[in-house]
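Next up, some structures in structure tokens.
Look at the two complexes coming up: chain A is in both, with chain B in one and chain C in the other.
And now, the complex of A and B:
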């Protein structure tokens, strides 16, 4: 979700964001009812084939998958210890399929389309006081500011290392202060961009 | 195209940061200089209603920032020193579209204005680029473009070049010089303000010099001779 969109023209890109999110949800749920290894293997093959249809370079796909592999391996080992090899493989492949599919949705869907889909989905909850635009903004800001806060954490760590402190929980205090300052600035910037009121409904 | 300040003063709690400011700004290029803590940034925030003065009043094209803050903010774009707080969407095109969407602009019109703005500011190749991976200069360019896409009548810049290298400072400076809008630039970058129609010097929350750029900058330099 961290703006990893891969620009290309493909049938997967052309699908509406809502349809892709629904498919992800349906497959994610359905996977837990697939208990045969060949069945899961076929699902995995289909998802991999979808990457080819979506024209996502393998290097990009691998780059997205790699950070999840150590955790998957850890779960696999835990399952091997606690259950049997068949269950462990089932769980491992399920996780791989889910992560691959979620990454594919992210790689082929612009964040704005994703947010619009979320806003549309939340539309019926408006009478209950839910403001879909605000939820959409919240999602957008979360995606946008995760890397910014990570950068700030890196800066604080680097500053502490430069002063001879290798590892310390003390880095949390300056990071919190920087984050609060960032939040202040962000609130001001949203005001400056005229976002201090509920946005009007779109005209089209 | 006028910004008027009448008897303006501002306090944060007990701390008085601006006093007795009476200015009528109708020049196209207005610079604001002064030492750290002189009240420049507070002054800038008063111009688009981000702050309302605790004394006096600020009017933009006749609109009072206290009573018509929302309308004022639509007329006055604001560019912050740090583009990281100003860019709110994950990618370049999405950030440009963000304000337009919020203002209720039709989808086709949003697409057209975003495409025009990307092309005008040399950002077209970064259309779907994650904002956090842009360079400092590109981020500032995006922050400015995101304000200009809303077609404001005035643009206020709060130290827009402070975080930039020389090449990007000059690039942003050229962009500011070429804008058709009235611009008010708060800056320590005296090179940026050279040639401005008017420069106002703040010290201790008061206006202490006001006139053509060369004259006010000379007064500022005289107040702070080399050590």
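And now, the complex of A and C:
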């Protein structure tokens, strides 16, 4: 599976993932306190400039932004009906800035760096029994399982079509039962590879 | 192959003290993958309507009602992690932080909570589980919980009054009703063939 990451060399790419994420959340929260249109306009200009610095092609940036646009347009219309044009523009630009900045972080940060950032963030939860080092393993397993599940779903659907079953979600129950059977074997395979073994501890 | 995990035969998710067993890890990753694959099958294709009109909330219902609160919630949490780290696992190949922080992101963040609640209710009512009970559990966890988190999020992001956001969310109801019914039928059928959940005490003794 291809990640949304866009590979390039830039200062934005070089920033540590944690720093980018913290900035994103700080800006995301701060945005809700900006009530002035010029202020928001400047923020938008800065974010667009960051795209240029990060050397993300406009086509890629647009492709990431486009899915949010219809819904943002609906919100704009609702705002125009309910309030005034100023609030409508304020809300619209705020959504654009937030989504653009968030997309920029996604486009310039490798999936592996993002996973590491999540593992670090989960570190403090270790005393509660959380095992942050499992995040990477689970993500890798899931990516590996997606084509397996897709193929099983296609098989079940093809078999049902051959028998004349036309209900579109009739494939769910057989797919689920096949998947649960698969889990039995996978659990044993993971055990055999020593997944649950405690990491070696240093003697004190 | 004989299912080794019939309730009462081997230790369940909450047995043996610590952590998640290896088979649970496989189940969690498999259901996260099912959640992704469900995104390939659109429930109703409407060009203009965004995220919530997908069959992925079906995955929330299935994870909770088949795996239970803990494993189901973790499976869907894992799916949200996939979205957050920038994998295109949402319908239409979308993903990344932008979708989550956008106006409909609250629904995505609510998915794991929804799966957990579905699982919790299912565990409590496991002994007398039937289609009616399934519909109830899944409507609460797979729809109501998502609204309770997703709609206020949308109201804040869109700067709309809450009442207005609620009335405009009525468009999700028919699709969600269909998903609750499909999910409940599958949950009841799977329970009969392959029960994985261990019932919890229905009332605290």
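One rule holds in what follows: the second predicted complex is superposed on the first by the 131 of 204 C-alpha atoms of A that agree within 3 Å, B and C clash if a C-alpha of one lies under 4 Å from a C-alpha of the other, contacts with A are read in each partner's own complex, and residues count from 1 in each chain.
The working rule: a contact is a pair of C-beta atoms (placed from the backbone, for glycine too) under 8 Å apart; a residue touches a chain by one contact, two chains touch by 3 or more.
Every value quoted in this text rests on a predicted model; they were computed, and no experiment measured them.
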{"item": "Superposed model, chain A: greater residue contact from chain B or chain C", "value": "C"}
{"item": "Partner chain in contact with A:7 - chain B first, chain C second, else both or neither", "value": "first"}
{"item": "Touched partner set for A:111, first chain B, second chain C, both or neither", "value": "both"}
{"item": "Contacts of A:59 with chain B and chain C, given as first, second, both or neither", "value": "neither"}
{"item": "Chain B versus chain C as contact partner of A:141, first or second or both or neither", "value": "both"}
{"item": "Partner chain in contact with A:75 - chain B first, chain C second, else both or neither", "value": "second"}
{"item": "Which superposed partner A:163 touches (first chain B, second chain C, both, neither)", "value": "neither"}
{"item": "Contact residues common to both interfaces of chain A (with chain B and with chain C)", "value": "2-5, 111, 137, 141, 143, 148, 182, 185-186, 188, 190-191, 195-196"}
{"item": "List of chain C residues in touch with chain A within their complex", "value": "1, 3-5, 18-19, 21-34, 36-37, 40-41, 48-50, 55, 58, 62, 66, 78-79, 81-82, 84-89, 92, 94-104, 156-161, 164, 168, 182, 185-186, 189-190, 193-194, 196"}
{"item": "Touching residues (chain side chain A, partner chain C) in the complex", "value": "1-5, 24, 28, 32, 64-65, 67-68, 70-72, 75, 78-79, 82, 87, 90-91, 94-95, 98-100, 102-103, 105-107, 109, 111, 114-115, 118, 129, 131, 134-135, 137-139, 141-143, 145-146, 148-150, 153, 168-169, 172-173, 175-177, 179-188, 190-191, 195-196"}
{"item": "Complex contact set, residues of chain B against chain A", "value": "45, 48, 50, 69-70, 73-74, 77-78, 80, 82, 84-91, 93-94, 97-99, 101-108, 127-128, 130-132, 146-147, 150"}
{"item": "Footprint of chain B on chain A - complex, ascending", "value": "2-5, 7, 110-112, 133, 137, 140-141, 143-144, 147-148, 151, 182, 185-186, 188-197, 199-204"}
